[in-house]
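There are structures below to look over.
Next, two complexes with chain A in common: one pairs it with chain B, the other with chain C.
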Partner chain A sequence: MRVLLVDDEEQLVSTLAERLAFRGIAASWVTSSMAALELVEKETFDLAILDVKIPKISGLELKKRIQTLHPEMKFIFMTGHGSEDDFKIGAAEAGKDFYLVKPVKIESLLEKMNEVMQQGDDK
Partner chain B sequence: MNAETVGECGLHCFGSISASISHELKNALAIINENAGLLEDLTFMADKGVPLDPARLKRIAANIGKQIQRADGIIRNMNRFAHSTDAPVKSIDLGETLALTLALTSRLAAMNNLALNFIPPPHPVCVTTHEFYLQNMIWLCLKEIMERIGAEKEITVALRPHPEGGTVVFSPVDAPMGTDNTGDLLNRLKATQTFNSDRRELLITLPGDMTAC
Partner chain C sequence: MITIRIKPKFWDHQDAASGPFRALFNFRRIWKQAAFLTAGVTLMPLVFMAIIDYNVTQKAIESEILLRTSRLVSNTRRTLSFFLDERKFALNFIVHDNSFENLKNADRLSAILENLNKSLGGVSDLGVIDSTGTQINYVGPHALIGANYSTQAWYREVRERNLYISDVFLGLRKTPHFVIAVKHTLPDDSFFILRASLDMDRFRELLSDLELDGKGDAFIINHEGILQMPSRYRTEVLEKIPLSVPEFSPHTRVYQGSDAKGNAIVIGYAYITDTPFILVVTKQKDELLKPWFKTRYQLFWFLAVSIVIILIVVIGVSTYLVNNIFMADQKRVMTLHQVEYANKLASIGRLAAGVAHEINNPLAIINEKAGLIKDIFTFRKDYAPDSKLNGLVDSIISSVERCGTITKRLLNFARHIEVKVQKISLKSIIGDVLGFLGKEAEFKSITISVDFPDDIPDFESDRGKLQQIFLNLVNNAFAAMTDGGKLEIKISRHGDDAVSISISDDGCGISDSDMKRIFEPFFTTKSRTGGTGLGLSITYGLVQEIGGDIQVQSTVGRGTRFTIILPLTYGKKQGEGYARIAG
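So, the complex of A and B:
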């Protein structure tokens, strides 16, 4: 599985990529939506894990743009939304995508990654 | 906090800044969480015979320490901001209040791909004013400027001493602030707004003592 991590917090994505690598998952990371769009033009990923609030181009908008190039790609969103209500609003915006609230336990993330990869193409 | 005193615009400002603070804290916690998890991973691997690299452990400890400092700074700013409603009117160091308000607005700016640049005055400028209304107005001005700004990547906020107070200068700005809320806050602060189209500057001039106006 090839994973793309996008979050403007470099320390977060670089450390998460390292932890995923320990588990045999190849993860590339970038800290802006523009860098993510450049990368997906050159490389193929199975799954993208996106922060919802990325400067300039939001995670939800980034997903739409990536999907025009790679309609088969799957997505998981990470959010810093603090409350349960915010979480519900975010989940409603993201539709059938998977949502995780920061800080994320690696076990929960791996579980969601497996779930999303087993999903059909009815995104 | 008295909602009647702060008003709807003030509550919006307070809520937005609080939400931004909670996001920042969540990010700091998320980074600490990942680094703690990485330590667990390395310990697990050490149990399996993979040697631990002390330099790597030092880096992880430094990363955690950095995020704790970051979170501490955010909480200190949040505390100072929360106390701005303690007294209706008091004497404040205008430069300090401006720097705090800019720090609290920096995430909103970053989300708009903008940086905030503060030019402090050559010497402290103290005014007697309503600190929260002032912060509310600065935040509102920055929000409006961000919504209107073109290709620029930076908003500069300068504080210039004034014979009877201080002037906060925003640039680049292409129109005066036009909302009812700005006008209301200017009235409450006994402040005036001037727009200089040639220099693309918005000037908010505060009296030295708003209670004497």
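So, the complex of A and C:
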């Protein structure tokens, strides 16, 4: 499974990519939406983990643009602006994607990644 | 006690927040102005009209009395004059119808006397006096032939005026009577006089038959004020009466005076022409005014009752209106403070949300870095697992998790400040509030127990307002308790369509006098420690806004219990006051 990590916090995405690598998951990371779009044009990913609030192009907008290129890709969103209700609202907006509130436990993330990958390819 | 009960709420109100415009919010003064002005405007015309009506009616009645008396006197005078004229004309007829010679004849004179008594009655004797003043013929009870009257005043008068009517005197008979004498001039310029004595009985009957109201009396006096015959209330015949002789007038006159006892009387009199008689009618004024007194009494009561009713209505309406203004003003003050409070909370909320968001990202980095260290220990064999380092990393991760929980809660709380009606979980809200205040409770060793039964459903309400309500009440409870206190929160169903939340503490309690004012804006017992006096008033307002009800029970030294009843169906209450007496 190839994973794309997008968050403007480099320390966060780089470390997370490293941790996923320990678990046998190949993860690439970028810190801007433009970089992410450039990367998805060159490479193929199964799953993207996006921050909701990325400067210039938001996570949700980025998802739409990526989907035009790779409609089969799955998405998980993360946000620092999260409460239980945010989670519900965010989850509703994200459709069948998952919506996680930072800080996220790695076990929770892996669980969600498995869940999202097992979903039908109907988006 | 009654005064306290009927005293309106605004009476002792002092608006602490009105500042330099305090006079505008002096509701007691507004009430006084409204009441006095309305009462003045309403009562003045009434009293004015009553006074005018009183005077006009009194004058009309008095005028009517005088008029009636005057009419009576006039009519009676006419009757008396007619009576005297009748006799005078009879005598004149006799002297013209009979020659002097005839009248000298005793039989003839006796026949005339008999005829006179048959036709007119009351003639006791007849006498014929010649020009020398000697009575030359006489028929009657006395032997008066030969008597000479030439020196007497009446004789001189009849000689001069051809007619004489005496006043009443006793004479030889020792009974009151009077005399009419007429002079007849003969062709040779000599004359004779026919003189008749008349009993008083017929004369008196004329007066005694009169119908007199007001304990009235009718009598005849002569020009010296001597009573001529007994009347209804006077028996002192031929004595001077205690009234002064009224001044001469050719017409009937009526005036007001007083009798010997000082009682007000109405006096009507008329001089009877060509006689020494004055007809006098007196009436007791008090008796005549009795119907007026009755009317006056009714008028007075009508006025008094009207004034009382008007005052009651004026006071009632003024109190009601000023109270409404007062309530509206209090509502306005409450709303302003609520807006201010809500804005403050919203600012705090936005600040908290921003802070939480900013902290969440570094927290996530710490979390990932610590996670990575743990991963390195776990996945790379060249980094031998060190239990101490593992423990430290676990500690960092759990601390991050704890911080995450706090920021989530903070975000959750702040986020709901502006949120309106939605489906809420009471348990979650109370959990949030206690989560915030948990540390303070630990610090003060306060035990918190929550009894939340399973049958409490989620329901629609305003989460933000409920958070503020519970936060205020729990904060107040904490402030009232000393270290080691106990706070109990109990939730239960209240009928089918409401829930009841009671928050009880074992703190210092609230005194009875404070209890009545705790929901008033700016009322505080904690001014020295920074209390604004807005917490409970805003809490009350918030409870009202979400359609609930709040009650408080407290015992000084034992604790306080606030009970909130919340409807399961959201709806604002209408027309509620800003404060209610605690129950």
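Keep in mind that, in the parts below, the second predicted complex is superposed on the first by the 122 of 123 C-alpha atoms of A that agree within 3 Å, B and C clash if a C-alpha of one lies under 4 Å from a C-alpha of the other, contacts with A are read in each partner's own complex, and residues count from 1 in each chain.
What we mean here is this: a contact is a pair of C-beta atoms (placed from the backbone, for glycine too) under 8 Å apart; a residue touches a chain by one contact, two chains touch by 3 or more.
Quick caveat: nothing in here was measured; it's all calculated off a predicted structure.
After superposition on chain A, the partners chain B and chain C are seen to clash. In the superposition on chain A, A:Lys102 makes contact with both chain B and chain C. In the overlay built on the shared chain, the residue A:Lys56 is in contact with chain B alone; chain C does not reach it. Of the two partner chains, neither chain B nor chain C is touched by A:His70.
When the two structures are aligned on the shared chain, A:Phe22 is found in touch with chain B and with chain C. In the superposition on chain A, contact is made by A:Leu12 with both chain B and chain C. In the superposed three-chain arrangement, chain B is struck by just one stretch of chain C from 311-319, 347-355, 545-553 or 563-571, namely 347-355.
When the two complexes are laid over each other on chain A, chain A has residues 9, 11-12, 15-16, 18-19, 22, 78, 80-82, 102-106 in contact with both chain B and chain C. Taken in their complex, chain B has these residues touching chain A: 19, 22-24, 26-27, 29-35, 37-38, 41, 45, 63, 66-67, 110-113.
Looking at the complex, you find that chain A touches chain C at residues 9, 11-12, 15-16, 18-19, 22, 78, 80-86, 101-106.
Those residues of chain A that touch chain B in the shared complex are 8-9, 11-12, 15-16, 18-19, 22, 53, 55-56, 78, 80-82, 102-106.
Residues of chain C touching chain A in their complex: 353, 356-358, 360-361, 363-369, 371-372, 375-376, 378-379, 400-401, 403-404, 408-409, 411-412, 415-416.
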